[in-house]
Amino acid sequence: SSSGKSTSNDSYKSELNQKGTLTIGLEGTYSPYSYRKDGKLTGFEVELGNKLAKKMGLKAKFVPTKWDGLVAGLGSNKYDVVLNNITATPARAKNYIFSKPYIYSRYALITRQGDSIKKLNDIKGKKLAEGTGTNNELVAKQNGATIVPSGDFATSLSLVRQKRVDATINAREAWYSYKKSNSTDGLTYHDLSSEKDPAKIVGLFNKKSTKLRSETNKALKALRADGTLKKLSNKYFGANITE
Amino acid sequence: MLKLEKLNKSFGEHHALVDITTTFPEHQTTVILGPSGSGKSTLLRSLNLLERPESGRYFFDDDVFDFAKGISVKDTLNIRKRTEMVFQGYNLFPHLTVLKNIMEGPIQVLRRPKAEVEKDAHALLKKVGLADKADVYPNQLSGGQAQRVAIARSLAMQPKYILLDEPTSALDPELELEVLKVLKQISTEKRSMIIVTHNMAFAREVADKIIFVEDGHILFDGSNEDFFKTENKRIADFISAMTFANI
Amino acid sequence: MWDIIVNATPQLVVAGLKYTIPISIVSFLLGLILALITALIRLSSKKGPFRILKAIFRFYVWLFRSTPLLVQLFIVYFGLPYLKLTFIAPDGIKLTPLVAGIITFSLNTGAYCSETIRASILSIPKGQWEAAYSIGMTRSQALSRIILPQAVRVSLPPLANSFIGLVKDTSLAASITIVEMFEVSQQIAAENYQPLVMYCLVAALYAVACSLLSWLQGYLEKVTSRYVTNAD
Amino acid sequence: MWDIIVNATPQLVVAGLKYTIPISIVSFLLGLILALITALIRLSSKKGPFRILKAIFRFYVWLFRSTPLLVQLFIVYFGLPYLKLTFIAPDGIKLTPLVAGIITFSLNTGAYCSETIRASILSIPKGQWEAAYSIGMTRSQALSRIILPQAVRVSLPPLANSFIGLVKDTSLAASITIVEMFEVSQQIAAENYQPLVMYCLVAALYAVACSLLSWLQGYLEKVTSRYVTNAD
Amino acid sequence: MLKLEKLNKSFGEHHALVDITTTFPEHQTTVILGPSGSGKSTLLRSLNLLERPESGRYFFDDDVFDFAKGISVKDTLNIRKRTEMVFQGYNLFPHLTVLKNIMEGPIQVLRRPKAEVEKDAHALLKKVGLADKADVYPNQLSGGQAQRVAIARSLAMQPKYILLDEPTSALDPELELEVLKVLKQISTEKRSMIIVTHNMAFAREVADKIIFVEDGHILFDGSNEDFFKTENKRIADFISAMTFANI
């Protein structure tokens, strides 16, 4: 009954790491994209992976690992695809190929309440806490900020609160997710969507997996068409950010 | 003047020294004799506070110390400066050359000027016949050489009492004689000696006073002459055993 | 905060029992064997072609002591698949994460511990070798019966250091896709946004495991020192 | 690949000279002093109120050996600001990353090295203490002039292990916002998505630093062993 | 039969043994005498291959070994099984009890059954007067006790030759006598002995043959009687020095 069966060409399956299985790399430490709840891996990208695999007639297998392991593992064929809030950049395109975007992620700038920093222009020369290897780091760097490495979103907010950095840029969705269960006293949020185009979040493939990539794009298109993508987005982000 | 009163020392169950009361006269050589394991080393080590007896009183010149009450660090250092030990197993410092072994105490403890100490150390090495071994490390010495360095090291401290635990047991007769001469000479200076030995001939030669220990008890405590003409059966046996071995 | 702890602890314990503990124990034991072999080869005074073997082991110790453990894990897990050996492994050497982890941790521990063991063997007086040789023992008999039992006493604390260090270094296995205890704590922290609490919690669990090891160290120290009395 | 290396190397070297090397050296020296003090206190047979001091130091060693270094860094850097001591630090203890890093690394190294030093002191025969005491030395003279110079020989390789380990552990400083060498390599890898290449490169740089230390270790071993001959 | 031919051993610059040629007859006791540092220990250690002379030939029964060519591991073990060393510094194994020290060789090297070895070990301990110290660790022994355990340990291996380096230097005369008796008894069994000592009386008592070493050279090599009536000035001096020390 899965749509994968109905496609005329199953040759993409030869590109799979493990027969009948779509091996998906992700960090598992970034809410609401992928994280652990009650002992189980969950999040937008986890559910998306499951749905994609199902559409392709495959079983999804998730391999959580650090971001550096994700990239290296794709190179040595440890996973078929990486779904980890990755933006397409020219540098990355040299070594990898991308799927069609599945999220258009809006950036947010988080500062201390009453601080003068409000816009992207203001961060030049300021200290911003960003996770190494993230899109946010890229944006902050492009706008002349000094990067202070930080492991995760909560740590970045601690750094801002303790006046150890001036601000942090992150996905708007991360901020909302945080706000749901934590106090944001002393912090302000500035939407950057007017200044900065949303980041196109894509799946990352090994250069050799071209057929797998097109098959994934097909599945993604189908999920978009039948409203699954929108449903997932509403569930995790409280809004549809897949378009 | 060194004096012990009712000194007791146990190792666990083993009562190594029992109610030892005796004196070690100044300017004299006291020899401690006795069979193996009788407690001679333990007695000597107690005098240098390397063993801490459970009870007993220790008189050193005008000072009195009570082992039962414990002896302060300051007093301990003071006593050790006035007594010097030569060990059965030499215990030279392996990381220092022979010369430095001898100089270590005078420089670090007595705080004497280095040049002077070095001169003295060379003289002492000559005295024990090892002038050419000054810059050698202890592990390159033969047993006899090591023991001679140990003796020189203790002489360098110019202590009031020198405590020697079988100082010549590893020396050949020729050198034993030389060391004997050195020790005799020292006994005429203001320092005094207490020697544990198994060599009866040596004891007879050097002792002013003899203490005979067995099983932690003093069986004899008197003059050299009295010892060798004692009528105590045990001691006579001991002496005759020695005599047989030395025929 | 208490509900976080109550909720997270079982997950952490499971991950600890499943990965952290077994990986540490297996790697340490393998590493210890490797360390002993390495120390013995490096201490040997054999000449001739044996010198090549000595050079190889010296290189091994240098390599694994001098480079970061994380990088070693990376190269063994992600790098070896690129190493295509025509006859042995034409498709590159592909190890499962667990095997890659244990191999790397063992090699790393082996390099460090070999230095400790080497030093402890050197600390035993020459006379002990001679007495053993004199009663007709071979080199390996002298080692196993006379020298090593004495060397253990000196090397126990630094070896325990290595073991305890290893227990915590297993957290690096997260980089080669093993979701061990520390990684689980980070995944949970991603949900509850309380990294400091999660860190303290996971630290407490490590402390439990390491305390057991410290206790074992103390016990072994007592056993191996029963024949010594030291001056104060 | 070559352009990556040519481009990245200077940045890595600068970060290494600016953070990795100074943090390692300062922390190791401070740690060594702390380790010596700790070892001596723990070895002391003093009784009475001194036993409280011994318990404190035993706790310190336990704490810093048993918990992950990363967590220690986190707590010192992120946790101490919450610790508001009414008179001493009413606003919490807020350390700069460098200070927090050096304090934590020193405390951690101190805990591990104290075990090594303790073992090496215990390995010196009782007779050496007695000979030193007999010539009237105080405990500290005996230690510094007689025991420690001999103990160094036994403890050098495990201490070198600790130092070399520390050099690489400084990479954890990234978690408290210090952009040291490893973090720089990660940042570059984040751009070019070639972590394997970057890691090999940074490993090579660590290897250079650690080789210098190994060489120093070998030299010191030779110097401190000049008075020993060992059987083969 | 044990024989050396033109044996040479140097420590760096120091030529410790020079062209040593001599025999150690079976079923006899050979005593090596000489001043401290003359090379006695080195000579004895060469027989047990603990020192490797640079050149010389070593005859053991029907086997011939050439030091210049090196001696294989197999031959080394073979020689060591047939010779047993008692050291100046005891070298007991500190981590084993007294009993285990004695049992280690027979069990591990000779592969004899444990029960039998244990029985023998107890008997040997009794022989050296330490039956009650079986379960004690070496560091709890006095010097004399430790040396007696070392002797028992070597006896347990039932070697063809026993090599003793100053075996009685730490024993008191009574026990020296006991050990002497034990050694005399052994000399009548099929094993043979080579003893380094400084005790002339002991040498005179026990030696069949005497070798006198000085500065790495053999100055005398002959019978006990011949040695004590030699006209060699150097040796006569040595003996008389001893005699004076022993008055």
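Here the chain labels run A, B, C, D and E in written order, and each chain numbers its own residues starting at 1.
The definition used in the following text is that a contact is a pair of C-beta atoms (placed from the backbone, for glycine too) under 8 Å apart; a residue touches a chain by one contact, two chains touch by 3 or more.
Chain labels with UniProt names: B, E = ABC superfamily ATP binding cassette transporter, ABC protein; C, D = Amino acid ABC transporter, permease.
Computed from a predicted structure; not experimentally measured.
Shared contact partners of subunit A and subunit E, listed by label: C. Touching subunit D and subunit E at once are the following chains: B, C.
Using mean Cα coordinates as chain centres, the one most removed from subunit D is E. Distances between chain centres, each the mean of the C-alpha atoms, put A farthest from subunit B. Subunit C and subunit D, compared by their mean Cα positions, are separated by 18 Å.
With each centre defined as the average position of its C-alpha atoms, the distance from subunit B to subunit E rounds to 29 Å. The distance from the centre of subunit A to the centre of subunit D, each centre being the mean of the chain's C-alpha atoms, comes to 38 Å.
Our note on geometry: subunit A versus subunit C, Cα centroid distance of 36 Å, whole angstroms.
Across the assembly, subunit E contributes residues 50, 89, 140 that each touch 2 or more other chains. Multi-chain contact residues of subunit A (touching two or more other chains) are listed as 68-69, 72, 75, 151, 155, 158.
Among all residues of subunit C, those that touch two or more other chains are 74, 78-79, 130, 133, 195-196, 228-229, 231. Every pair of chains meeting the contact definition is listed here: A-C, A-D, B-D, B-E, C-D, C-E. Contact residues on subunit D toward subunit C in their complex (touch as defined above): 44-45, 62-63, 65-72, 74-75, 78-79, 112, 115-116, 118-120, 122-123, 126, 129-130, 133, 153-158, 160-162, 164-165, 168, 171, 182, 195-196, 199-200, 202-204, 206-207, 209-211, 214, 225, 228-232.
Against subunit E, in their complex, subunit B makes its touches with residues 11, 33-37, 41, 88-89, 140, 142-145, 148, 166, 169-177, 180, 198-202, 204-205, 237-238, 241-242, 244-247.
Within the complex formed with subunit E, the residues of subunit C that make contact are 127-128, 130-138, 141, 145-146, 149-150, 224, 226-229. Across the complex, subunit E meets subunit C through its residues 45, 48-50, 73, 77, 80-81, 83-85, 87, 89, 91-96, 104-105, 108-110, 137-140, 153-154, 157.
The residues of subunit D lying in touch with subunit A in their complex are 78, 81, 94, 97, 174-175, 177, 179, 183, 186-187, 189-196, 199.
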